[in-house]
Amino acid sequence: MSQIITFGEVLMRISPRGYRKFIQSNTVEFFFGGTELNVGISIANFGGNVKHITCLSSDFIGNTALAYLNKFDLDTTAIVRSNRPLGVYFLEVGAVMRPSSISYNRSHSAFSEIKPSMVNWEKSLENGSWFHWTGITPALTQGSFDTLKEGLKLAKKKGMQVSADPTYRSGLWKYGVDAKEALTELLHCSTIFIGGINEMNEVLDANFGYSNDEFIEASKQLIEKFPSIEKVFDKIRTSINSSWHKIHARMWNGKEFKETPDFDITHIVDRIGTGDAFAAGLIYGLQHYDDTKSMEFASAACALKHTYVGDVNYTTVDEVLRIVDGNVTGRFNR
Amino acid sequence: MSQIITFGEVLMRISPRGYRKFIQSNTVEFFFGGTELNVGISIANFGGNVKHITCLSSDFIGNTALAYLNKFDLDTTAIVRSNRPLGVYFLEVGAVMRPSSISYNRSHSAFSEIKPSMVNWEKSLENGSWFHWTGITPALTQGSFDTLKEGLKLAKKKGMQVSADPTYRSGLWKYGVDAKEALTELLHCSTIFIGGINEMNEVLDANFGYSNDEFIEASKQLIEKFPSIEKVFDKIRTSINSSWHKIHARMWNGKEFKETPDFDITHIVDRIGTGDAFAAGLIYGLQHYDDTKSMEFASAACALKHTYVGDVNYTTVDEVLRIVDGNVTGRFNR
Amino acid sequence: MSQIITFGEVLMRISPRGYRKFIQSNTVEFFFGGTELNVGISIANFGGNVKHITCLSSDFIGNTALAYLNKFDLDTTAIVRSNRPLGVYFLEVGAVMRPSSISYNRSHSAFSEIKPSMVNWEKSLENGSWFHWTGITPALTQGSFDTLKEGLKLAKKKGMQVSADPTYRSGLWKYGVDAKEALTELLHCSTIFIGGINEMNEVLDANFGYSNDEFIEASKQLIEKFPSIEKVFDKIRTSINSSWHKIHARMWNGKEFKETPDFDITHIVDRIGTGDAFAAGLIYGLQHYDDTKSMEFASAACALKHTYVGDVNYTTVDEVLRIVDGNVTGRFNR
Amino acid sequence: MSQIITFGEVLMRISPRGYRKFIQSNTVEFFFGGTELNVGISIANFGGNVKHITCLSSDFIGNTALAYLNKFDLDTTAIVRSNRPLGVYFLEVGAVMRPSSISYNRSHSAFSEIKPSMVNWEKSLENGSWFHWTGITPALTQGSFDTLKEGLKLAKKKGMQVSADPTYRSGLWKYGVDAKEALTELLHCSTIFIGGINEMNEVLDANFGYSNDEFIEASKQLIEKFPSIEKVFDKIRTSINSSWHKIHARMWNGKEFKETPDFDITHIVDRIGTGDAFAAGLIYGLQHYDDTKSMEFASAACALKHTYVGDVNYTTVDEVLRIVDGNVTGRFNR
Amino acid sequence: MSQIITFGEVLMRISPRGYRKFIQSNTVEFFFGGTELNVGISIANFGGNVKHITCLSSDFIGNTALAYLNKFDLDTTAIVRSNRPLGVYFLEVGAVMRPSSISYNRSHSAFSEIKPSMVNWEKSLENGSWFHWTGITPALTQGSFDTLKEGLKLAKKKGMQVSADPTYRSGLWKYGVDAKEALTELLHCSTIFIGGINEMNEVLDANFGYSNDEFIEASKQLIEKFPSIEKVFDKIRTSINSSWHKIHARMWNGKEFKETPDFDITHIVDRIGTGDAFAAGLIYGLQHYDDTKSMEFASAACALKHTYVGDVNYTTVDEVLRIVDGNVTGRFNR
Amino acid sequence: MSQIITFGEVLMRISPRGYRKFIQSNTVEFFFGGTELNVGISIANFGGNVKHITCLSSDFIGNTALAYLNKFDLDTTAIVRSNRPLGVYFLEVGAVMRPSSISYNRSHSAFSEIKPSMVNWEKSLENGSWFHWTGITPALTQGSFDTLKEGLKLAKKKGMQVSADPTYRSGLWKYGVDAKEALTELLHCSTIFIGGINEMNEVLDANFGYSNDEFIEASKQLIEKFPSIEKVFDKIRTSINSSWHKIHARMWNGKEFKETPDFDITHIVDRIGTGDAFAAGLIYGLQHYDDTKSMEFASAACALKHTYVGDVNYTTVDEVLRIVDGNVTGRFNR
């Protein structure tokens, strides 16, 4: 059975319950996440065969993370271990006009010191048909960038589908490589672009606005510059406040523009990993449906993720399809 | 003091906190519920004298359930015990477009093996003035159907008011009896019908739509077919999603049609037992107010139940009346 | 560095989690609060130098309260201790149309038996530039009224700014003093009035309505009667239900009328202490900004408090200013 | 069925979990207790018919306490309500050489303001065959002393058994009555004395030591002075530290001396209410067994109470008898 | 890599925290266990390759159980699903002289309705080198007995090692088969007997006492009657009370008798699954060490299990060996 | 008032409750600790005036840590902040023969990058009379070693008492400095040595055994080599297992040898920070009592710390003295 490959850091998330701050309560919850892992687990929850590649700490925290991945039935055989600690992030969840706050402790983590020599890409991609990467990994360290690059080159050589979510986060990219150049190199190995105007402007050195027309024009230029890219998908979030968002999607698949209607997410439970849920929905969708239905599936999956605590999207294919079919009134499943 | 009699299964509900799934957290909460019990407790919380009749397991879980009923000051003297375990249901609470999910473990429970010989109906109904039953009980087993039937026949003979909530749930009715025939038999002992178009269509073999006009017509036919039935009450729920509903009620009391305005339940806390809260409000109301105010009281009680965690409606008569009087802005009680 | 002085009772708040009632769960949380303390802590969280004066019990509960105040870096050196227990209030948090309920156990608390001789006001106000009081303190006992009065007189003599929040709560004022007379005496020492039409009507023996015009007229009369008062600020709350409010502010500063637009608080987390957050925002604002910006700052601080569990407003100046600047969509802070 | 009557204050106990102090965690648990209530609930758990008489607050805390009593199937029909708050005590549980600490907030509680006119003793004792009182009640206020005295006089007149546990606690007896005189008056209505050398010395103005011989001599003098007293029971606790006690009992029944061997309580879970469990075991025992077995039953019940969290002894007659029969190795009940 | 096969029911365990009873707290924890599963997970935690075969419910509870098994990296590919609910047991944990109590809800569970046709034994045992079974499985239903028998016969045919833990539990064996006959049939397929005098007496129809001499004699007779059995291992528990046990082991391996010294388990954390930990230790040990060291390893593993909450033994080989080597003083691992 | 100065890293401790492992529960607790901080807080809880100097992260975790220190009324004015994250350690608490496990994430923490230029020692020690340091700080990084050295040199120059707890932990000292040389340099600034044979052997390059005679001889050599050292104190722990220790102390004060009897800690609650509690007791003791009583006070303080969850010793002087006076039976404080 052909595998979806995800590669990236596993972070331990630690957060107080119910909108509390760390200063308010010394009882907290932990989860494991990481943008690529979130995509992988979501696809596994759809029934996909997913291998996640990463470097975990060799202590009991790393063991706990590994058990967490196994719990979702990921293929963890390519995971390596290191004496460095696992990366951690602390989250204080906001509400209404109060934003959520995140503080990272990841800069010398087990994953950040990964090197190309630590991953046997030939063996790891043996059964791989799809590789998903994000802009977080190359932004961490030279080693994580190089390791990813090596994997993507092999993926390209093997003719795998490669989806790119080149999220640009300004707090990263501290180690000396130019973000635009690095992303350019990696995008040349990619076939599906999942990102918005900001990411396209970043790699195109352009200044497009947010209208559909400009999105189409930007997508065309992107595909021109990166001929390996076949399709561009964009998720659009309208935030009323921290607790209430609307989500819809649009795409340019090289031939036509499509967009989905808004999902109204009136009572957000957890905002983390919702973009990853979109990417996972898209990857699963493109393997099973046409472009339009894939985008609908991805939007519905993304909307559903807002209702789960933690980084993981627990939703199943049936549950997503029910939303796609318009059953959003939340009648009981008995 | 004349008693309201409720008869039905007591289930242990087990659910994770705060929209979590069982796979996410091994800390869970339990409650006791069951549609007829919920009605009974709600009426007891209004100050009514309620006797609940059921069969509980004889282990410490049954003891805990019994203590739970005593806590609400129900008359538990007619309860019997059995060596079978208490029925359980597992609940994962949804949000926004994600529906709640329920899984039952009740098919060989203590209650499901009840037999007419186990209940002394003469003694149990000695002080009874009202009997409330639902469509769940006859749907479980031959024994529960027969036991209920025996009780209802005696109630009719004694001239008690009998309210029927013939909820039809397709996952039940597995033991060989025809739902329509069984309900027909039981409705002939009933005086108040609490149910909607679906339930009327089921017992009338009809196909009415949801408009008020069709509701009136269906009600007329129902009363014609079941002359013991005096009044028909219907609760109408408009679901924006799992977290946001609107509720109103309508009735045909044999002479006139009335309906209440919508209550807007913008932030649902717990959806379970809200229909039971409506029935309880109605039973209490019809004993103290005219039809219109009873229906308003029932709607307000139902709306308030959406704000309590668990199966129980904790609201008092004063609190309901304040809502009936339009004080819905939630100012502090100090 | 000049100090803001707050004087008032510290109460232990005990409440179940997540909309539960005490009858539902024996696991509860405690916090410390009290209207003047809430103001003090909020200002300290803005970076202000705040001294809170109160009387705490001398047991381990009092020690815990003292540690709580120290945690927020308040100056606690003027606090006295007594053999009486700390005041307690029990809170059941409502939702949607269900109001929150409060039950007090404070009438013989450590603070309620405070006497003027227990506070060394000369020393306590040594570095004081601002004194904030509320209508709760004089409403408790003769001793608390007398002690406050003595402090306010000294504050006036020293030319300190004195802000008054003369909240009128009918459940108090049981000890024999006339509320209107007492408040009148204290308002003559005050320079900033934070309160609405009801409070103005109370001390003016008037009957003004809620319109802006009537607010202006009432403010004028108030300033006429109490020439020490320079400005009047009013916070206006529109309650859709317990879970959804809108907030805006208006003022009369002796020369002009100003009001702020509504903040829409669509998903209230905790309603307690939001008025105190407004007062704190105003006091901080008036020390750093002009009247209009002060009022905007106070409104935004008040809106933000609705998103924190407990009595304390944890928000910082930067966070408030971001809201004042219109960034209410709740994007992550990373 | 003849009733056991208990009369005394119901207190809300609030304590952090697992040896934590209030300063360490704001998540706490609450229970209801009170020495006479503990006795009553324990007897009810043995299957006894118990009526508890008290005064509860009329707020939701009082409602919660009432539901707690109902849960154990106590007869709560003689309970009165008041506008004063329920008494509270805060508990920090110690371990090893660290003692537990208690802080009370009860001096103006609902119960402390009880008056003889508030209890209809004639009606309350209608079915009573046994009355249990302790030295806490007369130590609180004149009203609680007077109310108890009136009840005891009627109990004596009706020929009821009256058990006295005249625990002397120095922190009480603040309202002006002499402890010795008050206890003397009440002991003249009593038939069973449950207490040790200290209590006997207090009412005899004597100075006996702790040896068995002195216990016998003291008991003889006690019975001489209080001819209504038939038997004296004493529970002896040897404390290795807060976590490890040994318990045994001795008695003088007017004719012979008996004592039980030590129970070794190697891992104490909760120390509160263990004396009350002894008294309850004795009262139940004396109604069903001879003196020796009663004392063994009481000791075993007391030992078992150390294994339950909270104030209540949950143990059943069968469970106690198993310990009395020497089965202390803790094999599973399946 | 050769696999260890375990076959048996997976139960959901639900229990309150910290010695509480269900009547005391509605917050509970759940775990998954089952005697054969516990053995399997423990061996997997030692690094063994374990396949667990069972039947799980097809609802979200079954999904959660499956994820739990995956978490420990068991091979779950042979697991089947059914529409029946998962078996549940409720546990109240005792302390000191109070025994723990268990109540089961398993008699119509998913596993209890397993049939031989549901398991493909040929495929399931393909890589199997060891099969472990217990006396619980044949005691449940005809189907579970038959399915186990079919598996054991194939295991014997393939020359696999078969360890038998024929625990006799009187509450089971309700479906009509004679326990002795059934166990006899299954023991003829077994090579390692893990059990004590009671189990040997049961299958030998004998009446041996507990001395070492009688153990040796019983073992000899057992091996004579069941020639496939090579070795007999017995774990001896001395219970001071529920919180304090001592454990040692003895064996007869056909040639010599050996026993280990006592481990003193002074503060038991959780007693469930400790026998399973012994069996797992033995199975792992016999694959890696000689008989004596295997028995020491098993005893140490068993002792360590008493320190983990839940049914699972989390200990690793290194941790067990440290205990075997006498390092029992609990110095920190940093 | 003269200050005690402590200098060292503040770590966030994260641990599951009740002997659970991270793999078992995603609900965990956090505390703040660090060996020097623990000493400081314990002395502050004795009423001492303590200034703790450290470097905290500038995020909300650092804010939370700062609030934690303020809560105990430490002088936090000399604390600096950095952009690096706070150090973290994860703890799994063992029981009986299972040791506790710790995993650190501290090697690039805020404190580990401290530099001498970041601390104004002149100002920081202005009111200092005592400086306490441990062997952890110089073992972290060159910067932390250098900063400590600068502080100690000034302390020596000012004639302050300097207590040294040169704990040697092999997992540290990774940055290139020789432990023995570094400790030698720092011990030359010290006046009180708190440590055992291992630490003395380390700095003396000796090989003394654990007998009292060898302790005396080692102490003499130590004082000879480090003439600034006046007294040597040693805490001796006898571990029965993880849950049961005995503690006593011995000293050589240059003139005589003394030792205390064992405290029997039969039910350990938390083992972390018990050595720090000893050091704190000693520092407080030597400021108020003679050597013998200081050692008794320190031993009792150490024993009491084993009964508190977390890193902090909450005990007060009165509580310690009660233990010193032999009241170890744990009678209630009411």
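Which chain is which? They are A, B, C, D, E and F, in the order written, and residues in each are numbered from 1.
In the analysis below, a contact is a pair of C-beta atoms (placed from the backbone, for glycine too) under 8 Å apart; a residue touches a chain by one contact, two chains touch by 3 or more.
Going by UniProt, the chains are A, B, C, D, E, F = Sugar kinase.
Predicted model only: the values in this text are computed from it and were never measured.
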{"item": "Touching both chain C and chain D (chains)", "value": "A, B, E, F"}
{"item": "Equivalent interface to A-F, taken from B-C, C-E or C-D so that over half of the residue contact pairs match", "value": "C-D"}
{"item": "Most distant chain from chain B by Cα centroid", "value": "F"}
{"item": "Rigid-body rotation angle, chain C and chain B, from Cα fit (steps of 5°)", "value": "120"}
{"item": "Rounded Å distance, chain A centre to chain B centre (Cα mean)", "value": "45"}
{"item": "Distance from the mean Cα position of chain F to that of chain B, given in whole angstrom", "value": "62"}
{"item": "Per-residue multi-chain contacts in chain D, two or more chains", "value": "18, 21, 23-24, 26-27, 67, 71, 101, 104, 267"}
{"item": "Category of the chain touch graph - line, ring, star, complete, other", "value": "complete"}
{"item": "For the chain C and chain B complex, residues of the former touching the latter", "value": "18-21, 23-24, 94-102, 104, 169, 171, 239-244, 267, 271"}
{"item": "Chain B to chain E touching residues, read off their complex", "value": "14, 21-23, 26-31, 57, 59-61, 63-64, 67, 85-86, 88, 90, 92, 101, 103-105, 107-108"}
{"item": "Residues of chain A defined as touching chain E within the complex", "value": "67-68, 70-73"}
{"item": "Chain E-facing residues of chain C, complex", "value": "24-27"}
{"item": "Residue ranges of chain D touching chain E (in the complex, touch as defined)", "value": "17-18, 71, 263-269, 300, 303-304, 306-310, 314-315, 319, 323, 328-334"}
